[in-house]
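Heads up, there are several structures right after this.
Each of the next two complexes has chain A plus one more chain, namely chain B in the first and chain C in the second.
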Partner chain A sequence: MNKLKFLGRLITADLKRLKNYIVSILIAALIISGICGFAGSVIAKNVYKQGTKEIIGIGYYLPEDGKEEMNNMGITMLQEMESMKSTANLIQVSSPEEGYELLEKEEILYLVIVPEKFISSIMNGTNTPLEIVVWDNSSVSSYIANEMFISYAMYLGLAQSAVYSTIDAAYAHDLTKEERNQIRTTVNLTYLDRALNKDSFFDIIDGSNQGKANLLQHYLASAVMLSLIFMSFVLMPHLQGYNKAMQTKFSTMGIGKFHMILSGWISSLVALYISYLLCFVGISIITNSFNPLGLVTAIPSLMAIGLIISLVANLTGSLFTANMTMLILGICIAYVGGGILPNAMLPSIVQQISGFMPGKYIIANLATALFGL
Partner chain B sequence: MYKLEHISKSYGDKEILKDISIEVAPGEAVGILGTNGSGKSTLLNCIAKLHKTGSDTKLGYVPQENPLFDELKPVDNIRMWTDLNRSQIAMALSIPPLSELGISNFLDTPVKSMSGGMKKRVSLASVLINCPQILLMDEPFAALDLIAKQDILRYMGAFLGGGGSIIIASHEEEIFNFCNKVYLLKDGKLTDTNTLAAQGISYIDMLRS
Partner chain C sequence: MKTFNRFIALTKRILSRRIYISILLLIVVLTGVYKILPEKSQSADIKVALYNEDSSGYYEDLLAHLSERNSIYNFYNVSDKEQLLTDVKSGYAECGYVIPEGFFLAYASGTAWNDPIKLYITPSSTFHSVINETVFSSLLNVCAEDTLLHAVNNHRWNKELADGLERYRNSEDVFTIADSTEGEFTFQSMVYHIDLPITETISILLLFAGLLGLLLFLHDKERKMYVALDSKELFQIKFLSIITSIIPVLLVGMVSLTVTFGLGEHILFALAVAVASLIISIILSLIIRKSTLLEKVLPLIMLTALIAVFIKTII
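Right after this comes the complex of A and B.
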């Protein structure tokens, strides 16, 4: 009998055998993809706390310099700003020492020590600097705070220039002292508010549909990948269904491991496509969007996963070894591919390796297929 | 006469078969006697692999473990090993000599629900459907009841009567009473036991010596 013909019969027989596993595949796909999808959306919500904000504590010390009314007015203006309300809780301390204690207890993240006659110094252009104390000056948050305070100072500087320009114009028009003071106050309040309340200048635009997956899409694609990899637990008995006698007879026909892996790959591909369809339909319903191309464009990922499963099935000895191998491989592929933690949070050596591993590309391909990116 | 010469096989440093030659005439049954682990199955595997596919002499190999997919029906299992289609298979199994196997009424019964004897018959059928001239059988009576053994023996007799040859590896005495020649496989070498058997030495004593 011709070797190629026999290989064709082997593939046909394997596909016929797969019929016995369809129900198991569907049930397993529902359960595994449900668990992985839930885990994916939980990770998306909690890793970057997407959609949530944490209000930080900022302590401040105001000096007793006879300018309490002006200082309090400045603080009140800050507290009234929308951007400040949603990000920070301003806590007044009676002394710098009290502020240091709160820093140590981590009740506040930053302590702002306002120097004497600070607001007057802004008004008259001498600009006495604020002292900003952070407990840990080596963390990402202190770096961000540093940049934030510098940007605020720059905006204040801009506002100050605008105010002085207005006042110079008032002098040039020979206005009275009362008129000039009124203009000065109005302009100060207007420009300070505009400079510090940056929400009025910017619109926050959702970055999705710019060609890359957002966090939720990324983790759902990763969940689908893991579901497909773990379908191997259902497929292994099928793929390891060649007993020793059968393998001996195969070898008399010139059929070896390569041909068995090939046949297993085709069976796996069919089974994985059925599982993928279930995930595809579920995600299309949940996201209320349907990308018909996704029925085809995911095939490279299914082929990659199917090949891994078939290789492990045919190159390991027992069912237990094969399943354990797939469990470990699946977790490694997902981890290195950025499917569990974001790529940027992985050690640099792992980030370098990820370019040579299939996980990153499978997740990207599945995200494209599922969400039409 | 079917002849294979200079068969050797090693697993790592251990020599299992040492330059073995074997021949069998048409209508002849040759038995290979040996203890567990002596290399009987290895010898049959080697003969099966060394036999050139496409040669004039057709060889059929029936391993000890049934090479069947439990999830499939007998007809689908048999189809893997033959160019015949389903209806041709059903036809061939319903007429002599294959009808003697008695599986034509069970072609659509899943293999997993069959007894050991029926599975052995399906295994035999998958080989005999191609009308081989030589049959290699490895422990054909393993896990079979008395009735199944008798049925298989009867079929083997009919096969020999039709001019076929059989090489059987076994450690069951009733098979060797059936064979024309019996060889003892010990320490990788084949020894003709007919002279010893003619002296009244039993097969058990031959294995022990």
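Right after this comes the complex of A and C.
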């Protein structure tokens, strides 16, 4: 009974002593959360480096065959394709010789020499061969361009096959010229739709933002976790405030290490809650959203961090050792929990142990609490 | 001579500290790990993940068509969507396609925009628009017959339309482009050492060593060890305390960098960081005069330095 009474007194005394640290806690919370929040937002923006790729120069020669309008329509259709827009730079040359010069200067990788009446030859099925000159057919760029051309040709070849098959069937069933034209146009337009309107058949989703919290929310939650862990730099003198003489006196009253850890845990929890409030208000203002439930749901994370701080404070000999231990521990917890690099980018062994470490769960819990996910 | 003796004494003292020995060992271990770890080879091919929810059976045809093509992209099937997302997010796959239930038939009938394919990318993805051409041309190839039958919409003609399509697509009467490349592209296998942040670690440890030297000086001063010295000598002791703490880390660091990268600019960089660490420690000693304050601030300085190095690395 006496032991419990003394423990109660110890906890009360620790909480009273904590009052002296309130200003330091608030200032430190501002500084540390500022540093960690800045780092979190920078990492969120840069962790996936913007990809860069080489734009492939493709030269083309269009003949003066009286079908310029049709040829230009074909080129415009090609230019409008997303793959062409993002990968290639189409350059018209006035003569094949000019094209060869550009090839030699390596300003273009491919030269497409369009023969006379090319488009009409596709329409009537004679398919005059297209001449494609490649400067270097061994580079990645040339393989990518080659694959694009083959894909375009596949669309065209399939559309032709479908149209020819339809016309054959129409003749076999004695359709009138008007009916044949109508059915051919329908088939033509159908295949044109599949080749040109690809964008309507898929949705592009940024995979880096997939999951419960998006990348920024994840990193802000991670920054809050790190800020709370590093609040230990301020709390350590408070938690290690009893000298050897005091500790000996405590032990005569039955208060041992376990009780001191327990008391330290409770005062850490209070201090962390104050720091969390500051982060909570800051993030609510920045994101212009308020999730009152988050004031309660974050408590398990605060308890976990408080316990770690109290354990380190009571199990290490000096302030310096305790602070350095918390620095290393905080970074390890954040790294293994996916708070520094996304979980998917971590080595597979780290991903496997991540589930057994607190970081992953603390970040998820804080993200839920802060953003109401 | 007195200065030299002080230098030796302070060096001996710092080298007897366990924390300091750990710093030196960390550099040696990092260098050893870098040297001992076998070189890792990695193919730089462009991987594309595919996940199928469609039950019509066309997916197998699509996969077969994609693998038959002489494609520069390496298409592979994943058994669950989570795996696809993990592969895309980690950069293992350039992008990932999730094909929803009923997509193939909807594509053939032209109504697939209701529930389209989901293409997962990251800001690092660069080739998805050209990969789309390969995927969609194969998709049209697989669905060509259904697309035609749906367009004509005359059940009595189905067989002859299908036969005609098959005949023409395999004939030389339709437009094709000959492959302008020479066979299958083989990405040069890259062989590399695992990239350990040795230079960054040595930089951080040099800063830490300087501050540790200052901390030890403040401890000694508070124990009244230098009470008989005048301010000039006190500054000399402080300077020596910091520099004797930096020099062993610098020497071990320089050996480590030479072993790792060879003689070159890394050595000059380490020297510059050592000078910067000395200057920072001297400046801090003018502001922080109590060891307890430095003990509180030191982790914060180290944290800021770590964050700065990390941000520099990822940017």
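A few notes on this one:
Quick note on the criterion: the second predicted complex is superposed on the first by the 213 of 373 C-alpha atoms of A that agree within 3 Å, B and C clash if a C-alpha of one lies under 4 Å from a C-alpha of the other, contacts with A are read in each partner's own complex, and residues count from 1 in each chain.
Methods note: a contact is a pair of C-beta atoms (placed from the backbone, for glycine too) under 8 Å apart; a residue touches a chain by one contact, two chains touch by 3 or more.
All values derive from a computational prediction rather than experimental measurement.
In the superposed model, A:N127 lies in contact with chain C only, and not with chain B. In the superposition on chain A, A:A39 makes contact with chain C only, not with chain B.
When both complexes are overlaid on chain A, the residue A:K16 reaches chain B alone and has no touch with chain C. Once the two complexes are laid over each other on the shared chain, residue contacts for A:G241 go to chain B alone; chain C is not touched.
By the document's definition of touching, of the two partners only chain C reaches A:A162; chain B does not. Comparing chain C and chain B on the residues of chain A they touch gives the larger count to C. In the superposed pair of complexes, A:S251 makes contact with chain B only, with no contact to chain C.
In the superposed pair of complexes, A:R180 makes contact with neither chain B nor chain C. The part of chain A that touches chain B in the complex is made up of residues 1, 5-6, 9-10, 13, 16-17, 20, 241, 243-246, 248-249, 251-254. Interface residues of chain A facing chain C in the complex, by the touch rule stated above, are 31-32, 35-36, 39, 42-43, 46-53, 81-83, 85-87, 110, 122, 125, 127, 130, 132, 134, 137-138, 140, 142-144, 146-158, 160-162, 164-166, 168-169, 172-173, 183, 186-187, 190-191, 193-195, 198, 200-208, 210-211, 230, 233-234, 236-237, 319-320, 323-324, 326-327, 331, 340, 342, 344-345.
By the touch criterion stated above, chain B contacts chain A in their complex at residues 45, 48-49, 51, 53, 61, 63-72, 76-77, 79-83.
Chain contact summary for the complex, chain C toward chain A: residues 19, 69, 71-73, 85-91, 96-97, 107, 110, 112-113, 116-130, 132-134, 136-138, 140-141, 144, 147-148, 150-152, 157, 160-161, 163-165, 167-169, 173-177, 179-182, 185, 187, 215, 292, 295-296, 298-300, 302-304, 306-307, 310-311, 314-315.
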